[in-house]
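Order of writing sets the chain letters: A, B, C, D and E. Residues in each chain are counted from 1.
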Amino acid sequence: MSSTRRWQHWLLSDSPASPFQAAAGRTYLGLAEFLKNRLAVFGLLIIAALILIAFFAPYIAPCDPLVTNLVNRLQPLSAAHYFGTDEVGRDIFSRIVWGSRLTLYVIGLVAIIAAPVGIIIGTVSGYFGGLIDTILMRITDIFLAFPKLILALAFVAALGPGIENAVIAIAITSWPPYARIARGETITIRNGDFIKAIRLQGAGPIRIITGHIMPLCISSLIVRITLDMAGIILTAAGLGFLGLGAQPPSPEWGAMTSTGRAYIIDHWWLITMPGTAIFVVSLAFNLLGDGLREVLDPKSDN
Amino acid sequence: MLQVDNLHVIFGHGLDLNHAVKNVSFTVGQGESFGLVGESGSGKSTVLNCIAGLINTWQGEIEIDGERLSHRRPKSFYRKVQMVFQDPYGSLHPRHTVDRTLKESVNIHHLGDANLRVVKVLGEVGLGPQFRFRYPHQLSGGQRQRVAIARALILEPEILLLDEPTSALDVSIQAEILNLLQDISKKRNLTSILVSHDLAVVSHMCDNILVMSQGATVEALSCDQLRSGDIKQRYTRQLLVASKGYDRAAIDQFQDY
Amino acid sequence: MNDSGHLLDVKDLTVSFPSPRGEVCAVKNVSFSLGHEKIGIVGESGSGKSVTGRAILRLLPPYAHIHATAITFQEKDLLSFSEQEMRRIRGRQISMVMQDPKYSLNPVRTVGEQIREAYTIHRKVPRRQARQQTLEMLTAVRIRNPEQVYRLYPHEVSGGMGQRIMIAMMLIPEPSLLIADEPTSALDVTVQLQVLAILDDLVTQRGMGLIFISHDLELVASFCDRIIIMYGGRIMEVVDAANLHQSTHPYTRGLLNCLPRIDGDKGKLSTLQRDASWLDADFSATAGGK
Amino acid sequence: MRKLLFCAFVLMCFTAQFTEAATPKDTLVMAFKIDDIISLDPAEIFEFSGAEYTANTYDRLINYDVDKVSDIYGGVAESWTTSDDGLTFVFKIRPGITFASGNTLSAEDVVFSLKRVILLNKSPAFILSQFGFTPENIDKTIVKVDDNTVKLVIDKAYAPTFLLYCLTSTVGSVVDMKEVMAHEKDGDMGYNWLKTAYAGSGPYKLKSWKPSETLILDSNTKYWGHKSELKRVIIRHITESSTQRLLLEKGDIDIARNLGPDDIKGVAGNADIKIRSRAKGAIWYLGLNQKNKYLRLPQVRQAFKYLIDYKGMEQTILNGKATVHQSFLPEGFLGASAETPFTLDVAKAKALLKEVGLEKGFTVTMDTRNNEPTTSMALAIQATLAQAGIKLEIIPGEGKQTLTKYRARTHDIYIGRWGPDYMDPHTNADTFARNPDNSDGAKANPLAWRNAWDIPEMTKKTDAALLEKDTGKRAQMYMELQREHQQVSPFVIMFQEIEIMASRANVKGFVLGPAYDSNFYQYTTK
Amino acid sequence: MLQLFTIRRVKKATHQTVRLLIMVAITFFGLLFITFLIGRVVPIDPVLAVVGDKASPEVYQQARLAMGLDLPVWRQFFIYMGSVLHGDLGTSVLTAKPVLQDILRVFPATLELAVIATCIGIFVGIPLGVFSAVKRGSFLDHITRVIGLLGYSLPIFWLGLLALIVFYAKLDLLPGPGRIDVFYEDIVDPVTGIMLIDCIIAREWDIFWNALAHIIMPATLLGYYSMAYLSRMTRSFMIEQLRQEYILTARVKGVAEWRVIWGHALGNCAIPLITVVALSFGTLLEGSVLTETVFAWPGLGLYLTKSLLNADMNSVLGSTIVVGTIFLGVNLFSDFLYKVLDPRAR
C-alpha cells in the first residue's frame, strides 16, 4: 500500500481511533467534495491570490500608490505602467495592488462585526423565543425595513464619508439577515430531539447555544457571508463611487472607478482596471460561496 | 417512586387552545416498568415530557421519591431521570462524535473519568470501542438508538423515560433494542416508563399499563389483565383487536373515538 | 378473482444507483407476476421493496439504471414504451398510493381539485361532471361530507382522511393495477385497518390487482393473498399468505420470531441472525397467479 | 427564444429611429451644473448659477461693461447724482420698462426691491446693509422722491463707486412689487412664493425650474432692450464633465459649461465644437490656520508659498481652467495686482524652514472638499510639500462638512475657492485683509478671522482704502495692500479661475462676462 | 364542525392582521427613531446648510431658532415625529421645496424604472430559473448560472458606464443619459409623473418614443440584476419543490410533465417567490441610486445622492423614511399576498 493510500485509508476509516482522526476524516471528505467543484476552487485561488497580493503589496507594487507625477499623467498601458497612470500620474497597477488591502479591510471588518452580532442575536432570539424573540426581531425588522444601500448612505451621511464609516454603515446593515438566518435555523434545531436530549443532561442555555446550536448555524452562515462578501464589495465600491466611501487619495477601487468616470471617453483604462478588479474579486467570492454551499449546506440546491 | 396526580396540560390560548392532557394520575413503583399506550394525539408523550421537565405549562402534581417537582428542575434532577427519544436520527447532534455526545453529559455534571465512563457505557449497550469516534451518519438506526440509550445511562439515572424507542426501527432491530432495554433495566434495577402505540411492545415490556385517548385516561391495566383479555373499556378492546392484524369483519365494528 | 391471464409480469428486474463507491444495486433479478389479486411485498428498510414498485411505473430519478428482461402489463411491454406512452399508463392503468398523505398532496390546492385533476387528465368531460364524479369517489372512500371535504386544503385534513383522499384520487380513473407503498404505516392502528378495509373493498369490487408494499409482515399476511419477502434487493421467497407460518426460510422465520406478542412470554425476543448466503440464492417467483 | 429575438428586433427599430438628435432651431440647450441654485428670489440668490439666472431674467439698477469693468452704465436707473458730502445718491428711473407680468416698472418697485433685501435679511443682504441701511431706518434712507426718482442715504462717505458696484450685484435687481405682494403670506413679502417663481423684467422669463434638474427660460416679449434672439433656453443640470462632452459631441446640447480640462483637450480638435474662455473672479487659495504652532511662524508661511507647483498645476490638472494669480484681488478689479513673486523653489523653502529649526519637517492636515479639481490640487500640493519634508495629511470631506470645520477654526490648512460678491475691490479686501475682532466669539467671520490672523493694522488700511474717493489713489492703496498681504499673510493665493465654455460651432453671441452675473444669453444665435 | 372551522379561519386572519399592523407600526416608529438619530449626529452644522457660508451672524441665529435647534433633544424628536406623521418632512435646502413634494415629483421616475425592471426580472428570470432547474446541468442551466453569477458580481455603476459608452457614445444605438432629450423638457404635463403614461395622455407621440428609447438602457440594466436574482432563487425553489413527494403523486396521476412543472411545482414556488419579488423590487429601489447617478435619471436615487453630497439632511432623511416606508409597504403587501395564496398561512 502506497503511503497516499494509507493516509486515505486512515482518513476514511469507519472506526476512527481518536477525535482527531474523526475530525480529520470529516474535513478530508468535505475538502474532497469541495475540490471537485472546479469553479469554487478557482474562486478560492483568486481570493488566496488577493490575500497574498494584499500582504505583499509593498513588494509587488512597482510604485508608491499615492505619489503623484503630473508630468506622467494619463499614460496608457505600457511596460513601465502595466495598467497605465491616472489623472495625477499615479501608477494604476500599484494602486490596484494596494487597493486590495482596503478591500480585504472592508470585508474582513464587516464580517468580524456583522457575523457575530447576527449569530448571537439570531440564536438567542430563536432559542428563548417569547418576549426576547419579539424584541430582538422587532429591532432586526427595523433595520431590515431599510433598503441596505440607502441605510448605509444615511449612516455615511451622518458619520461623514470615509472608509471606516462605510465599513460601520455596511456592518450595521449587514447583520439583520444573518440574525434572521440564525434564528430560523435555531428554531428548527431547538425543536430537535438532540437539543431536548442535551437539556435533559442538565445543560444550561449558554452551553446549549454556544456548544450545540451555533456550530450548526455556522455552516449556513458561512455560506451566506461568503456570498454576501461579493455584495459587500459592491456596496463599498458603490459608496466609493458616489464619493461617500473611501476618500481620495486612498486607492479604493470604487473611488478609483468614480474618478475614472471623468476620463472614460479618452482614457478607458482609468475605469476599466479598477472595475475589473472589483468584478473579479466579487465573482471569486460568489464562486467560493456557491462551492461552500454545496459542501456545507447540502439542503439547498445542488 | 414516581407519582403523577391530576396532571393537566394546556397549550396555546384563545383560538388555538389545546387541552392536551386532562386529569391524568398514576403511580409507578420502584423498579417497575410502566407503559403508557394510546394512539397519536392521546397525550402519552406529553405526559412523559412533563415528567422530564421539557414542558412548563402543566398543572397538577408530579412527585419523585416523595419530592414534588416544580417547573424548573435542579441539575441533580437530571442525574435521577433520563430519557430516550423516538427518532434515532434526530436525537444525536449531527456534528458531534459518539464520544463527544457522551462526554458532554459527564462534563456538565463534573463527574470526571470521562474516558472510562464512555468506554464502559458503550460496552454496556453493546457497542465496541470502534464506534467511539464515529459521527451519527456513520451509524445505523439501531446503533444510534444504542448511543442514545448509552447517553441516558452514563449519568446512572434511577428512572428511564422511553418515548417510543423502537417505533422508527425495523422489527428485527426492535427486538434487539427491546432486549437491551430489558437487560439494562434488570441489571440496574431501573424504574422505567415506556410510551408506545404498540400494545404488543408494551405488554412485552411492562408490568402495568395506562391506556390513554385524546388526553384522558381510558383505563389502567396490569399486564396480566391485558393478556387474559380482562378489559373493561370498549376502546381498549378495539385497540387489542386492531393490533392482531387485518380482519375485515371486525373492522366494521370499529367506532371512532 | 384469478384470471388465466396475468395482469403484470416482471422478469429479472434490476435497479442500480450510482454512488461515490460505484454502482449500488437496490434491486437485483426480481421476477414475479400478478393476476387480479392482492400481492404483498414485505421487507425491512433498504430491502428494495419501494424501488421495485416505482420501477414498474418508471418513476425513479433519471440517474437510476433499470434493467429487466421484461415488464409486461396486460400483454404490453412497458419497457418499450416512450415517456409519453408511460404517461398514458400512469394513473389510467396503474396507479400508486404513497406513504404519507401529508407530503403526497399538493399543499396549495384543494383536495377536490386534485382528485378532479386525476379524473380529467384521462377523460375529457365537463367540469361539472368531473366534480360530480369526484364527490361520488369521495363518498366511495366513506367520507361523510364530501362537499365540504372537496374544499379543504391538505393541511386541514387528518392522516386517515388524507389517505382516503389519496385512494380516491388514485382510483378515480379506474386503473386496473394499484401499487400501495406503505399506505397506512403513518396512521394509527385502528385508522390503518379502516383505510385498508376501504382499499380492500374497492379493489375487490373493481376487480383490480393490488401490490401492497409494507414492512409489517403480520399485517400483510392477514391482508394479502400472496407475499413476496424481500431482503437486500432480492426476493427471499414467495408464499401464500395462509402458509406463511409454515415457511421454512430462515429470514422469514427470523422476522416472524422477533415480534413481541401480547400473549407471548416476557423473556428475551429471539433476534434475527443474518446470513450473507441469502443474497447469493437466486430465487425466482415467476410462478404465481396459479 | 423566438420571443427574445422579436424583442431585440423591436428594440433595434426604436433605437434606429430615436438617436437622430438635433436641438430645435429656436432653442438654446445647455448643460450646466445648477445644483447650487437653492432659491430664485434675487434677495436671496448668492450662488454662481443663481446669479446668472438673475442676470438674464431681471433688470438691475446699474450695469457694468463686461469688457471694461470700470465702466458703469445705467440699467433701470437711467442716471444718478451724488451729493457733495458723498452720503446721498439720487437715481432717475428709466421710463417705459414693463415687467413680464405687464405691470409698469416705477420708482416704487425699486424702493420696494431694495427695502425687501434689507427686511428679508437673507445671505446677500449685507451687500446693502454695509451702507448702514437697517429695518429701522430704511423708510428714511431708501426713499421714493417721485414716480421716476429714488433717493438713497448712506452712513459714511465711502468711495463713490462702492455703492454703485454693489448695486450691480443681484441685490440690485428690481422685482415686480404688485406681482410679489399679490403672493404675500404672513408678511413674508412674497418670499416663499418668489423662492420658486419669477417677477422680473429681464430679457428672459422663467418657464420652469426643477431643482438640480432643469431650468427653462422663455423669451420675454415685453423686454425693453435688445430682445432675445432665441425663444427658449433649456438648462439641464449635468454633473459629469464626460457626460456633458458626450451630449455636446452628439449634438444633443448646444453648450457644455462644465467640461473638465481633459475633456476640453478631448474636444479641441473637433471642428463642430468651439471653445471660449473668460477669466472669472474666483480665487483658489490655501488658508493656514494661525492657531497651529507651525503655521503661525512667518518663515513657515513663507515656505509654503515656495512649495506650490503653480506652473505645473496650471498646465496639467487645471489646464486652462485657471491661471496663476497670487494676490487677493482678481484680475479685472480696480487695483488688482498681477504680480507673481512666488514659484516652486524647494531649496528656498528648506532654507526658510531651517531658520526655525524645522528642517526635518512636520505634519499638518488639510481639509479638502471631495470634488475636482480640489482633490487633484491637494494631491499635487501634498507631493511638493513632501519634497521639503512637510507631511500633508489630506482630510477629505463633503463641502458643508469642511466648511463647518473651517468656520469653527479647527482646521490646520483649508484649500478653498473664494468668489467676490460684487465688483468693488472691497469685497475681497474685506475678507482677506480685514479682521476687526479675532476673538472666538466674533460676530463677523471673514477669511482672515477663520485663519485666526490678527491684523489690527491692516484692517485700518483696508478701511481707509474703502473711504478713498479718488479712484486712482484708491487703486494705488489696494496695490500696496496686496503687496504686503502677499508677503505676510497666511494665505497662499494660487490661481484665478477661468470659465471655459464649449459650444457647437453654430452657436454665436453668447456673452461671457467677468462674473457669472454678467453671462448673458439674449444675443445668442445659432 | 366545518362551519366552526371557517369562523376560526376568519378570526385567525383578523387576529393576524391586527398583529401585523402593530408590528408595522412599531417598525415604523423605529425607522423614525433611527432617522432622527442619524439627523442629530451629523457633523454638519444644519443651520449653515440652510443659510450658506456668507450669512451674517444675525441671519444665522434667526435660522437656528426657526429650526428649533435650541430645544432639548427629546422634544425635538417628538416635534420631528409629529411633523413626519403629518406628512411634513421638512424643507429641502437644495430645492427650497418641502421634501415630500420633491419626493412625490421624483419618485415616479424611479417607480417607472423599477417596475419595468421587475417585469423583466419576472418574465425572463422566472422562466429561466424554471428551465434551468428542470434541465439541471444542461447548457441552458449553465447559461443561467453564468447570468446569475455575473449579476451578483458586476458593479452596476461600472456596467452602466460601459453600456453608455458602447451603446450611446460608440455605436449610437440608444440615446444618452436623462429621461428624455433635453429639448423635450417640460412639454408634457406631469399628470402621473410616469413619463410614458403622461406622453400617452398628452398624445405626444414623438416624446413618447423618445422617452421609451431613453428608458431602455437603464431599465434593461436594472432588469438584468433583477433577472439574475429571480432566476437564481426560482432555480433553487424549483429544485426543492421538484424533490417533493406531491410531484411524484402528480406524475403517478399521469399529469403531463409541463403541467407538473408549470402548474404544480411553480404553483408552490409562487408563494416564496412573492417575497423574493418584493425583495427584488426593494433592491431595485436602492439599486437605482447608482443607476440613476450613471444615467442622470431624475428619480429618487439621484435626488438622494445629490442631497447627500450637499448635506441636505432633511431630504436625505425624508427620502430614507419614504423608501423605508415603501419597503415596509411592499413587504406588508407581500405578506398579505402570501397569506392569500398559501392556504397554510391563512
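Just so it is clear, contacts are C-beta pairs under 8 Å (C-beta built on N, C-alpha and C of every residue); 3 or more make two chains touch, one makes a residue touch a chain.
Computed from a predicted structure; not experimentally measured.
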Just to be sure I understand: the centre of a chain is the mean of its C-alpha atoms, right? Then which chain's centre is nearest the mean of all of them? E
Let me spell it out: compute each chain's centre from its C-alpha atoms, then which one is farthest from chain A's centre? C
Quick one: chain A and chain D, Cα centre-to-centre, how many Å? 47
So, in whole Å, the Cα centroid of chain C is separated from that of chain D by 90
Taking each chain's centre as the mean of its CA atoms, how far is chain B from chain C in angstrom? 32
Among all residues of chain B, those touching at least two other chains are none
Would you please write down the residue numbers of chain E that are in contact with two or more other chains? 43, 169, 308-309, 311
Which positions in chain D are in touch with at least two other chains? 240, 246, 398, 401
In their complex, what parts of chain E are in touch with chain C? 2, 5, 244-246, 248-257, 264, 267-268, 270-271, 341-344
Applying the document's contact rule, which stretches of chain B touch chain C when the two form their complex? 39-40, 141, 170-172, 174-176, 178-179, 182, 197, 199-201, 203-205, 223, 226-227, 238-240, 242-243, 245-248, 251-252, 254
Chain E partner, complex, touching residues on chain D are 11-12, 14-19, 21, 23-24, 27, 29, 31, 35, 38-39, 46, 121-126, 129, 195-196, 207-208, 210-214, 216, 234, 236, 238-240, 243, 246-247, 249-250, 252-253, 398-401, 403-404, 407, 421, 443-445
Using the touch rule from the top, collect the residues of chain A that touch chain D in their complex. 66-71, 73-74, 87-88, 160-162, 243, 247-249, 259, 261-267
Give the list of chain B residues in touch with chain A in this complex. 52-54, 75, 77-79, 81-83, 85-87, 90-95, 97, 99-100, 104-105, 108-109, 130-131, 133-135, 138, 148, 151, 155
